[in-house]
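Chain naming follows the written order as A, B, C and D, and within any one chain the residues start at number 1.
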Amino acid sequence: MSNNATSFLEVKDLVVEYTSEGSVIHAVNGVSFALERGKTFGLVGETGAGKTSIAKAILRILPDPPAKIRNGQILLDGIDLLTLEEKDMRKIRGRRVSMIFQDPMTALNPIMKVGKQIAEVIKLHNKISNKQAEAEAGKMLELVGIPAERFNEYPHQFSGGMKQRVIIAMALACNPELLLADEPTTALDVTIQAQVLEMINKLKRDLNTSMIMISHNLGVVAEICDDLAVIYAGEVVELGSKETIFDRAAHPYTVGLFSAVPTLDEEKERLVPIIGLPPDPSNLPAGCHFHPRCPWADEACERESIPLREIAPGHFCRCIKVSAQEN
Amino acid sequence: MHNSSAITAITQKNKKQSQFAVVLRRLSKNPSAIIGLIVVCLLVIMAIFAPLIAPYPYDKQNLLNTRKPPSAEHIMGTDELGRDIFSRIVYGSRYSLSIGFLAVLFSNIIGMTLGALAGYFGGLVDDIIMRLIDIIQSIPGILLAIAISVVLGPGFINTLIALGFGAITMACRLMRASVLGIRHQEFLEAAISNNASTFRIITKHVIPNSFAPVLVGATMSIGNVIMSAAMLSFIGLGIQPPTPEWGAMISGGRALIRSCPWMVTFPGIFIMLTVLAFNMLGDGLRDALDPKLKK
Amino acid sequence: MGRYILKRLIWMIPVVLGVTILVFSIMYLIPGDPAKMMLSPEATPEEIAAKREELGLNEPYLVRLGKFLGGIVFRFDFGDSWVYNQPVTKELLNRFPRTLTIAVICIGLQIIIGIPLGIIAAVNQNGLGDRISMFIALFGISLPNFWIALMLILFFSVKLGWLPPFGIDGFKYYILPCIANAFPGIATQARQTRSSMLEVIRSDYITTARAKGMSELQILLKHALPNALLPVITIIGNGMGMLLAGTVVIESIFSIPGIGMYLVGGINSRDYNIVQSSVIFLALAFTFIMLLVDLAYAFIDPRIKAQFARKHKRGHHA
Amino acid sequence: MKRKFLVVFLALSMLLSVLSGCAKEVEKPVEEPAAPAATEAPAVTEAPAATEVPAATEAPVEELALPEIVSIAIGADPADLAPFVGMSMGRIAVLKTIYEYLIETDSMGGAAVPMIAKSWEKTGDKVYKITIFDNVYDSAGNHITAADVAWSYNTAKELGNLRPLGDIVSISAVDDVTVNLEVKSNFGPGGLEKVLSECPIVSQKAYEASPDGFATKPITSGPYLLTEYVPGSSLTFERREDYWQTDPQYRTLFSQANVKKIVFKVITEAAQNAIALETGNVDIAAGVTQDDLARFMNNPAFTTFNFLDNLTQNLQFNGSEGHPLTNKELRQAIAYAIDTSAMCEAVAPGACTPAHTIGNPNFGGYLKKWESEPYYEYDLEKAKELFAASGHTPGELTFKLLAQNDARSGLMAQIIQAQLGELGIAVEISQVESAVYNQIQYDPTAYDLLLAMSAGGDFIFSPWQLVYDQNRYNGTTSNFFKDDELQSLLATVSSLEGFNEANVDAFQQYQKEQLYAYGMLSFNSIIVADSGVLKVVRDTRGQVIPGACEYAADFNK
């Protein structure tokens, strides 16, 4: 997959580190994946696995310091975003690549009218007057199902779901080619989650936008994504099409994730949680980072780092045990 | 969809017990806080062991050797009465530090109690207490201190009360704010539903849980109090001679600032060092205690 | 909003009343006899007694308090100064502009020096700029202002001869007092701006703005600063109150006849009306400034405005 | 040259008038006060010559030579400029420049010269007649008559702020220029002068027309007109060209008006005095701190004038019944233990003189010989002997020392504390604000030792009266001793008949032996001025009269 030259977005060997109080936190450790135009790619994993860091690394909006992109390439249409001048990068942010943030409650400037916040990004990337930008912003509001009259209201006057719509409107305002959706529904009520998700999906289809959907929620991923990667401790542990992963989950962590999720269609005796805690990212276990929690682990797993290997066409997995089973 | 809540539930377990350790660790990683802490410790040691450190008694006069610049015998020179300035500074740390500590302690005990009551009970109690605080706060602090110290007369305890009085408002407001912040949290409601007495709830639950901001505020205000004490001495109020309080030493020597600068400079440096140290420590504590400021 | 202002203005009444009673009681308790202070040291006990009678000092506490309050409420009369033999109100109005001038210039210095210093520090967090500006700020807080004042005089007036060392004959005369007095304020302002800025810079909406493709400068000016200014405004308000009174020392060093000197003189000569009235005046000014601060807050922050509206509604139900 | 001559002329003419006007009423003490004596002695013989100088030719020369402006620092705001209110630090500094009085006393113990009053005489028992000039006009053109004088005195007496006026029974105008004064008892030395020189004379009409009773804009007959008063900051005076006293023979020292414009500047921070001088903001300053003085003394751009203060810093013992300090040996032991010369050097090096009584050579009647007599010079051995004789043992006594909270009092208190420590007496210092000090210094439970400053009027018995006069303080001295012999000696020495060298010395010897109060030292007040100021003239309260000072021709040019 990584050598597909036609890829719209290609992330190669991305390494992100944070320095905190003297210790180095390995947030992203050599992640690679690719995304075709118009497709949706899912990044799945527990909180703190490094998914958001990947997305922010693509936009280059990681807080620096403490975060640093140590290595890797992020190719958008063949151009490496990581080597771009900041000035050129600014032209990409919000215009070609935009992002929907996890928490709509805090992602909006509390003392700025919502309409203005949308108009701001439009004005920034288009040579139009303020008035035109505001008219555009009104249209965007309508598009996400908010009456344009609420243009002059402030974020605190909106509910969580409405705020997320505003953020979506903002993200889509310049008709970006790539949308990074970072757990867009996590902070929302369950009833609203479906609506918002559906809306994102629809808009994305209508505007033919590529998307990276970040979620720890397998249900969400199942609904939207074409391909997905399972992230554990900053590494891709399994990667493949949605169907492959959902039907033939290979990595013990992926398997664990599935068994921790209650499903309506399958009667399971009980949920099996993954035992133990995610590893301390500043002090990752040697060998397979998952081995302390892995039911299959043996000495071999601790010995050396495990490469990501293609266990079936288009299905990659980072587990020495698995490679033996499959194929 | 309950997704991975099982995982996150486990991760929260250790959070509480290690909080203190976390604060200490963060503090130890902050160089300016450590410098502040070291200076404060040195000052405290100096105060405790003053008789061992000071080469002369602080009130030992030598009228034949007055206003001498620093020399080998008197490393910081002598004052108008021929007393050794270094010895006076060393002994002075006892008064300046204890005035700082005790005035802040006094104001914080009263302020925290009032703040806790106001925040916990709300309603009328809150209104009354906060109006009182408003009243005190609308009289500028130094004026209040001047007026009170005139009413009470000079002396250590009186000066302490005069200086502490104005600082009550800050402790009270901080306490009230943090009590309001935790009032509706589960552990409190659990305690209430367990029929614990109000006093017990306030002392066992409310105060310990709102301690952090008050502690930071208190550390910072020690410096301010020492400064205000100097200001009081400037006006001629405060501690009685021959007590070598630093502020009094400065204001006593300020007319000599040009001919005998050492008489003002050395106590000035020590006041500055002390205030600086407490502020640095306070800044560090604030950063360490504030979860939001986590890097 | 208008209702809120009205309500706040009404709230000022009990606070100022409380201040009045508090300061009146302090002066009642204060040792030292004004009658004795006014007469020569050789005055006989009879003369002193007559003077006390004339000043109304022999009346009971409540009667005196009542008369004082009555004078203020019904005639806006704070009484006469015994030392100046003048209505206190007149002298206060003469002096207030000087104290206010110093306070306002200090606030100005705080804003134009303290805030940028704080921003520089926050933007370069833990960098050299941060460390230098915060060290300056800490020093500013740690130096006694009378010491700074004397040093400034020695340097700028005596050594360089650029500025007058004391007096009130023009703008030039206010420069040194203002610098000396503004030092701690600038330092506080810089520190507050820094920490408030740091908090804001970490906010999600700043990341949002960044993701929009805005430049750092645009983000700073359009998003970070307005938000960071909210707590800074409170400091300005508080600082104003402090400055109004903190000029006591500065006024004394620079021989500026402002309210601070008037007040301390009043305390020393036991001129009760001066002390009471000056404190009430300062308290009024302070509460009024705090009201302005709250209104400015509401003006900038729609959430606070909404709260006012809600409070107002709740008031209706109650 | 001519100016100098003029001054001599004026001094002489004043003396002449003194001799003619009032010398007959006051019997001079045998011992002439030190300072005035020197100038007065030659005057008598040369007086006739001086009067021959024609005044008219002097006037235009004087006009040309006048310097434009002099600025002088004062330590406190005068606050209220009204004529009849009480004294304060700030007021005494400017009153003599603002107002005119019936007479003027140029120096302590010196005689008075006519100002508004042309002459005064005793016309009967306790009755005096005062004749004023008939051409006294204030700056608003009001004619000041005898009625205004009587009104001024009566108003001031009623207000009760000017202490000497308490001795007046009645004062009334007989005609336009004559006033009759009746007093409670015949005056002792300096008594009448005190009454006549204490009350400012203003026009009743002008006073009543003033909205604030002259508090901010007094209208007076003085040679200067107050043109601007910024409370707390400055007072500006301009020389009046229409000053009423046109006869140079009668123009007093204080009404010389040697400069066109006077600006008093309030300087509240002592250290600023030196800076104000150095930066040229003021030309004359009295409050220069001890430590700044050294620089001025060696600086040719400035002249320093050294005057002895009227105040005697003294230590008073609590003599209430049963108090340990009623023991004479103990008091003397304490006095011997205190090293006043060392105290002088420490507290105000070079500007301090140890005392030999309560009072100093400034006061009329002071005897130079006291300075060569022993007065408890520091002697620790003797102190210890006396202490043992008093029946006390070291460590047994703890005394509370009450003092005011100024810096010098603090230093003196600490020295006393340390030195009595040598004797085995523990001292607790209690420094209080002056308001509190004034309140509690007459409370026998407030102190054991009192650090006091005593001044008083013109003659040496005046500071004594302030401490010892048992008629003033409910039958005891101000520090609670009861001593009839002391009182009778004091009564003798302060009477017109009894004020002579023998009686003065008798009192001194008695008080020295009893030592109810121990005179420790007097400070010098050092006035620093621009070197263009040739002579500084002060009133009896030690305040500089800028209009009377002499200036070089190129002063401030």
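Basically, contacts are C-beta pairs under 8 Å (C-beta built on N, C-alpha and C of every residue); 3 or more make two chains touch, one makes a residue touch a chain.
Because the structure is predicted, anything quoted here is derived from the model rather than measured.
Visitor: Name the chain with the Cα centroid closest to the overall protein Cα centroid.
Guide: Central by C-alpha mean position: chain C.
Visitor: More C-beta pairs touching across which pair, A-C or C-D?
Guide: Comparing A-C with C-D, the pair joined by more C-beta contacts is C-D.
Visitor: Based only on mean CA positions, could you tell me how far chain A sits from chain C in angstrom?
Guide: Roughly 52 Å, centre to centre.
Visitor: Report the inter-centroid distance (CA atoms only) between chain C and chain D in whole Å.
Guide: 41
Visitor: Could you grab the centroid distance between chain A and chain B? Build each centroid from C-alpha atoms only and quote it in angstrom.
Guide: 48
Visitor: So, what's the distance in Å between the C-alpha centres of chain D and chain A?
Guide: 91
Visitor: Which chain D residues touch at least two other chains?
Guide: Those would be 271, 433, 436.
Visitor: Considering chain B alone, which of its residues make contact with at least two other chains?
Guide: Residues 150, 153, 254, 257-258 of chain B each touch two or more of the other chains.
Visitor: Considering chain C alone, which of its residues make contact with at least two other chains?
Guide: Touching at least two other chains: 31, 150, 154, 202.
Visitor: Would you mind writing out the residues of chain C in touch with chain B in their complex?
Guide: 14-16, 18-19, 22-23, 26-27, 29-31, 138-139, 141-144, 146-147, 150, 154, 191, 195, 198-199, 202, 241-242, 244-246, 248-249, 263-264, 267, 275, 279, 282-283, 286-287
Visitor: Which bits of chain B are touching chain D when the two form their complex?
Guide: Touch residues, chain B against chain D: 59, 61, 63-64, 66-67, 80-82, 150, 153-154, 236-237, 240-242, 252, 254-260.
Visitor: Okay, in this complex, where on chain A does chain C touch?
Guide: That would be residues 56, 59, 61, 63, 65, 90-95, 98-99, 101, 103, 106-112, 120-121, 124-125, 154, 156-157, 167, 170 of chain A.
Visitor: Can you list the residues on chain B that touch chain C in the complex?
Guide: It is residues 131-132, 134-136, 138-143, 146-148, 150-151, 153, 223, 227, 230-231, 234-235, 247, 250-251, 254, 257-258, 264, 268, 271-273, 275-276, 279-280, 283, 286, 292-293 of chain B that touch chain C.
Visitor: Which stretch or stretches of chain C touch chain D in the complex?
Guide: The contact residues of chain C facing chain D are 31-33, 36-44, 47, 50-51, 81, 83-86, 91, 94-95, 150, 153-154, 157-158, 161, 164-168, 251-258, 261-262, 265, 268-270.
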